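Note that subunit A is present in both complexes that follow, paired respectively with subunit B and with subunit C.
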Partner chain A sequence: MRYGILLMGAPYSSQAAHSALRFARAVAGRGHRLEAVFFYHEGVHNAARLAAPPQDEPHLVDGWAALSADHGVPLQVCIAAALRRGLLDEREAARHGKQGHSVEPPFELTGLGQLVDLGLRCDRLVTFGP
Partner chain B sequence: MLLHILNRSPATSEVYRQALAAMGPDDRLLLIEDGVQGALKGLVGRFGDVRGRLLALEEDLAARGLEPLCDDSVVRVDVEGFVTLTEEARKTVSWF
Partner chain C sequence: MENDEEQDVAGDLLVILRHGPHGSSWLREGLDAALVAAAFGRRVTLLFMGEGVTALVPGQQRGPLGQKGTAPTLEMLEMYDIDSLLVEAEALSRLGLDGDELMLSPRRVEAAALPGLTACHSLVLTF
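Our next item is the complex of A and B:
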């Protein structure tokens, strides 16, 4: 089956990100195709390149990157939700005259249309809210 | 059959009422995160008609040390079982 995940919770604020990552690993582990994880609302903070949690705690940003590397899962971040929260990739940082950037691959800034497309393409879209 | 997913405790949020109102006769309700508090003997009564179709995520019960307090009528599933439930359901609806 083709799965999609919609994550709307920020890391360390609620359990949503942990739940979503655990579910994503289980989905991929069962041989399903995880078409994408879409980060929306506060969920965009999962893409924060500079996140540096204590070493004895789960590193969610790295966890998502590892999921993407292991299973080829696109990590799509809503660009409108991201920009207003200070989450910019190199291109957007340059465009807005900002020094430094806070989002890097495998996370990609995309439009909300990608979420609509994900919902249409997938057999199952599972939402994890805050 | 739809799978409804609830992550709020019925002791602190009323959203479970909306979930119950939206459920069809064959739908299932999976309690996750703080929602697993609804599986406790003292709170499970809030889900009256759903007995037998009420499930709780094992990992979230264990993380809170609530396994011994879980009511026998609640079906426990681990995250693999969670995936299976989504396979069996036509769609999922998350309540938060």
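Our next item is the complex of A and C:
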């Protein structure tokens, strides 16, 4: 089956991000196709390049990147929700005159149209939120 | 009769709004998703449920915290051809609201009609 994931919970604030990552791994591990993970609302914080959780906790940002590397899953971050929360890739940082950037590949800033497209393209879009 | 009603509102996307206009960004970000889908030519139905029905109470300002209010966005829905607006009847009575006073004249739906409503849309997003 073709799955998509919509994540709207921030990492380390609620269970949503942990559950979404475990679900994503289970979907891919069972041989289903995970078309993309879309990060919206507070879920955009999962793309924070500078996240530095204690070493005895799961590193969610690295976890998403590993999922993408292992299974070729696109990690799409809503650009409007990201910018207002301080999550900018190199291009947006330059455009807004900011020093440094907080989002890097495999996360990509993209529009909400991608979420609608993902939801209509997949057999199942599963939402995780606080 | 019930089937007629379902066909009437059937579409690509059902956006369920369950948060009020103040206190969080859920409502605003849910409306953004609806507007973008409509801008891409998708048929969108909005369902105001629970506290979400308070979004339709007229006369709301942006508030002292300076966040953008949602009322101007709601007034734009028609421009985006989002004219399928539903409101949960039970939430109205629970919150003591008179449906006739709400912005945009949404249609009331009873709890029993909700499963049919989700079933007749390809995609459901809940905010």
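Keep this in mind: the second predicted complex is superposed on the first by the 130 of 130 C-alpha atoms of A that agree within 3 Å, B and C clash if a C-alpha of one lies under 4 Å from a C-alpha of the other, contacts with A are read in each partner's own complex, and residues count from 1 in each chain.
Going forward, a contact is a pair of C-beta atoms (placed from the backbone, for glycine too) under 8 Å apart; a residue touches a chain by one contact, two chains touch by 3 or more.
Predicted model, so just to flag it, every value in this text is computed and none were measured.
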item: Touching partner for A:Q15 - first (subunit B), second (subunit C), both, neither; value: first
item: Touched partner set for A:M1, first subunit B, second subunit C, both or neither; value: first
item: First (subunit B), second (subunit C), both or neither touched by A:F38; value: neither
item: Which of subunit B and subunit C A:L112 touches, first, second, both or neither; value: second
item: Of subunit B and subunit C, the chain that contacts the larger number of subunit A residues; value: B
item: Touching partner for A:W64 - first (subunit B), second (subunit C), both, neither; value: neither
item: Which superposed partner A:A80 touches (first subunit B, second subunit C, both, neither); value: second
item: Partner chain(s) touched by A:L125 [first = subunit B, second = subunit C, both, neither]; value: both
item: Touching both subunit C and subunit B, counted on subunit A across the two superposed complexes; value: 125, 127
item: Subunit A contact footprint on subunit B (complex, rising order); value: 5, 7, 32-34, 59-60, 79-80, 82-83, 86-87, 89, 91-92, 94, 96
item: In the complex, subunit C residues that touch subunit A; value: 12-13, 25-26, 29, 32-33, 36-37, 39-40, 42, 122-123, 125-127
item: Residues of subunit A that touch subunit C when the two form their complex; value: 6, 40-41, 80-81, 111-113, 115-117, 119-120, 125, 127
item: In the complex with subunit B, residue positions of subunit A that touch it; value: 1, 3, 14-16, 19, 22-23, 26-27, 30, 32, 124-130
